[in-house]
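So, here's a batch of structures to check.
Next, two complexes with chain A in common: one pairs it with chain B, the other with chain C.
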Partner chain A sequence: MTHPNPTDEKPWLDIDRKPFIKIRNLTKKFGDVVAVDNISLDIYENELFSLLGGSGCGKSTLLRMLAGFEIPTSGTIEIDGQNMLAVPPHARPTNMMFQSYALFPHMNVAKNVGYGLRRDGLQKAEIDIQVSEILELVQLGGYEKRKPSQLSGGQRQRVALARALIKKPKLLLLDEPLGALDKKLREETQFELINIQETLGVTFIVVTHDQEEAMTLSTRIGVMDIGTIAQIGEPQEVYEFPRTRYVADFIGSVNLFEGRVIKDSPNKLVIESPDAGINIHVPHGVSCSPNQLLWFALRPEKFEISVAKPKNVTNLLKGTVEDIAYLGGQSVYLVRLETGRLVRTVRANRDRGAEAPITWQQDVYLTWARSAGVVLTS
Partner chain B sequence: MMNWFQRRGRTIIIAIPMLWLLIFFLAPFFVVFKISFAEIARARPPFTPLFSWEESRLLISLSLENYAYLWDDTLYVKAYFSSMKIAFFSTVFALLVGYPMAYVVARSSDRWRNILLMLVVLPFWTSFLLRVYAWIGFLKGNGLINALLLKLGLINEPLIMLQTNFAVYVGIVYTYLPFMILPLYANLTKIDNTLLEAAEDLGASKFVSFMTITLPLSLPGIIAGSTLVFIPAIGEFVIPALLGGPDTLMIGKVLWTEFFNNRDWPVASAVATAMLVLLVLPIMWMRRAAEEEVS
Partner chain C sequence: MFFRILSVFGFFFLYAPIAALVFYSFNASKLVTVWGGFSTKWYGELFGDPQILGAAWISLKIAFISASISVVLGTLAALIMVRFGRFKGRTLFSGMITAPLVMPEVITGLSLLMLFISLQGLIGWPVGRGLSTIVIAHSTFGLAFVAVIVQSRLVDMDKDIEEAASDLGARPVRVFFDITLPMILPALVSAWLLAFTLSLDDLVIASFVAGPGASTLPMVIFSKVRLGVSPDINALATIMIGIVGLGIFCATLVMLRKSSREG
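Up next is the complex of A and B:
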């Protein structure tokens, strides 16, 4: 068995690969408000790309420009080598799944799903075959005659997906596809969505505000912040190597320690952090100006929390447990440092109540591996 | 006490309008219904009593002659059909004019929407009679429209518009247009814009998305507006009396003539009763159509 070429699975690593969607200097203004601010972005064939950000970050506007519902103020969009600017929504090789699903209330499931094929002027028999095929794919066989009002939320979501997929678009745009489902159903549907995407080989762009959803679904994530893309990367990359405080904070939770560089060499960086009350040692340089203000970001699960003072560690914090949240699989400890800073740590509950329990108001020590954190300059 | 009120609350609230309708609609209607079975008489009121005492026995004299007369004299049947025809085409014209107007109002920005809605309702602030008279000024031989057309050289002699069925159509469509626009507007604003975007996204042009999404979803509004125009139009008296000609035959006008000119109250009552029956049937049909649309 041969190993697949890594650039087949990750086309964005291959500089010779032609992007499927090419967005260049795209800007959209609504009056004085800049919703999308000079974004350039490449998306490759068969990707499941997520646009992640809070409300008002411009992710939906970007999606609507791809669908053709909003006309860019400036910049270009190319899909499969074709410039899209002059192409109206009904002529684009894209289909969209709307956040509200936008199912036609006066049509039954089969009519809804077949709507796009009827617009293409297909024969009724052919439409019927394709409709029942796609309904099988989304596990809604036998629901043809139901009206949308007679379906559950999860079933409506599937109808919307089937309707958007039936024309076999080159690009499927999904606006908060799982937003209206409850947690359990959302998790199940996430994996189904990935399976369908892999089966059909359609390129997906998903807009979401849910970072967990983005992490599970995506080949790559574009984290958006007030009209710009703050970082693009694979889920792991964005989580472990965030480039800015915004990204670090938006994806998962993070402890940020502000400090100044007191030593910077290629393999050693020391940050004096009044926030943490210690000098933080990092095993690599950042090549920045001396005395520069920067931030050391550490995820809660990177901490080692212990009651006994650990020996031979460079980075050691001391504090008191202020609050404990038991989440079942893990527990969150909020530890107040001597500097007054509150730190969030997470520990997996490996044994059933066996470990020496850490309780409220107990003095604890926090350490971390030297390479566990990220140094951020902005 | 509180409990009693809670249980009876619904009944009490419904009872007030029910009582109102009973006193001011149903009771007078029964009077009219009663008179329609009497015979014309030189008396005051000008009809024979239905109930009389003769030799201490109650005598009820019901006459179906009035209804037979309605059927025998072709005037009445003709007037019914003519009213139906005029009301029907007025409704169609009002729909054709009103739908685009309601559509534009529903699609305009918030600021414009309020202005446009006010303009739709504005004519109601003037007397209805005055507005119909104003149309005489527009439509008459030396009126504004003829003057304009003559000046532009489009016609050589004035068009005869006043005292024709054309003038009646103009009057009815003009008067009842807001009743068409308002329910349609209320319906069209409720249609979710993302449905149209979804249709367009799936390959429908603007026209096709209108025909397949907006139009079917606005059917309840079309039915409501058409009902509100058709029903008052069928019994309309003022507009055909002022704008129509001698050959404009409408049941409202016939009713007036019977009642005031001929002083034949029994026949007038029979006309009114028959008209009500003929009105109730189309309403029931339209309501059923609307209910089917909803379910």
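Up next is the complex of A and C:
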């Protein structure tokens, strides 16, 4: 077996690759409200792309413009080289799975799922075969005659997915596909969605507000903030190398220390942070003007927390444990620094009943590797 | 306790006259208010009266046709108001659609009469007044009721469902017949029944726009009662109560079945 070419798995790294979806300067206004603000975005074939953002950030509006339900105020959308602006929803090569599932309440499961094929004028026998195939795929074989009102939430979600997939669209749009499911079911379904996407080779665009969901599902994530895309990247990239404080804070949790550069050399950067009460050492330079205000962002799990004072470390904070949240697999410690700042740290509970457990009001030391954090300028 | 007495009084005034009317329709005596034993002879007499049977047939015809026209036009109006977004003059349009609901019937009747007369002078249609003019008049106010009922149903209906159909390849007309129509059908049925009963009830507007040979049942009853109440009118009223009651019962049943299916 030959090793796959890295740009086959990550087409966005290949500058010669033609994007499957090309969005250019897309803007949508509702009256004076700008829902989508001059977005340009390339999505490639077979991607599972997530649009992640809080409510009102314009992610659903962007999705609805791709489906054709909203007409852009300005800008263009191209799917597979074809300009979509003049194409009505019923003629687009896309299908959508709605957040509300939008099942037809007066039709049974088979009729719901086969609706798209009937509109294409297929023979009944052919439709029946395809319907039972796709229901098999979403593990709903035998449910053909049920009405939507007789199904559970998870089953409805599968019917909606099957109905959107049966026409084998080039592009499947999913609006909060797992939003209505409970946590356990959501986790199972996430992996199922990935399997289905890989089996059928359809390009997925998923809108979600759940960062965990976006991380699990996606090849790439576009983090949206009030109508614009704050950052696009692979899940790991967005998590470990956020570009702005908004992204760092939205994806996972983060400790931000405000500070100014006091020493800038090619292999070392020292930030004076009154927030942390120490000088923070970072291994490589950042492009910024001298004395510029910036932020050092550190994820809770990057801290090493200890009771005994560690030796030979550059970055060391001292504080008191103020609160502990035991989550089973890990514990969250909220540590109050001497400067008054509250710091969030996470430690995996590797041992059962560790010999020297950290408790409330205990003095602890926090350290981290020099390269563990990110310096943000905006 | 006070409210219980109040509601007993209320219901008494509402239903006692109707109960009395039904009761006396089975009176053998010719005197309306004197009980002379049980008899169904007034029902027999009623069905032997060609004038009343003719008027009843005309009323049913008018009610059927005008209710059907109202449902078609009223549904279109409701669709425009709910599904076509904010167009210029939308507020004026919706106000004008619902105006007949609050317009005094005398004014509606009179203005329609004047419209028909001047139309006849201008374009030669409608020739005289009769069944067709009553149908037109009843359709106009029936439409207003239908538009209000269908509009509220459409507002409740999830727009996603229609969008899903169009997303799966259905053109707008197809979406309407495949999705919208089946989903608002219960509202259409009850709107039709309401328009039907309203048309069957109407005396004032019909009196204005009716012509010779097109007297509706309420018109015939009214002219008969002016000459004194006869027991056969009681019988007729009982039958009408039965029909209207059945209509309301059916409408309620349709709405209940719908809500239990969706719930």
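The rule is simple: the second predicted complex is superposed on the first by the 377 of 378 C-alpha atoms of A that agree within 3 Å, B and C clash if a C-alpha of one lies under 4 Å from a C-alpha of the other, contacts with A are read in each partner's own complex, and residues count from 1 in each chain.
Following the convention adopted for this analysis, a residue touches a chain if its C-beta (ideal position, glycine included) is under 8 Å from a C-beta of that chain, and two chains touch if they have at least 3 such contacts.
Keep in mind that this is a model prediction, so the values were computed, not measured.
The superposition on chain A brings chain B into a clash with chain C.
In the overlay built on the shared chain, the residue A:96 is in contact with chain B and with chain C. By the touch criterion stated above, A:241 is placed in contact with neither chain B nor chain C. Within the superposed three-chain model, A:104 lies in touch with chain B and with chain C [touch as defined at top].
Where the contact sets of chain A with chain B and with chain C meet, they give residues 67-69, 88-91, 94-96, 98, 100, 102, 104-106, 115-116, 119-120, 163-164, 167.
Contacts from chain A toward chain C in the complex involve residues 67-69, 88-92, 94-96, 98-100, 102-106, 115-116, 119-120, 149, 163-164, 167.
Taken together, the chain A residues at the contact with chain B in this complex read 67-69, 88-91, 94-96, 98, 100, 102, 104-106, 115-116, 119-120, 163-164, 167. On the side of chain C, the complex with chain A involves touching residues 158, 160-161, 163-171, 174, 178-179, 182-183, 261-262.
Of all the residues in chain B, the ones that touch chain A in their complex are 192, 194-195, 197-205, 208, 212-213, 216-217.
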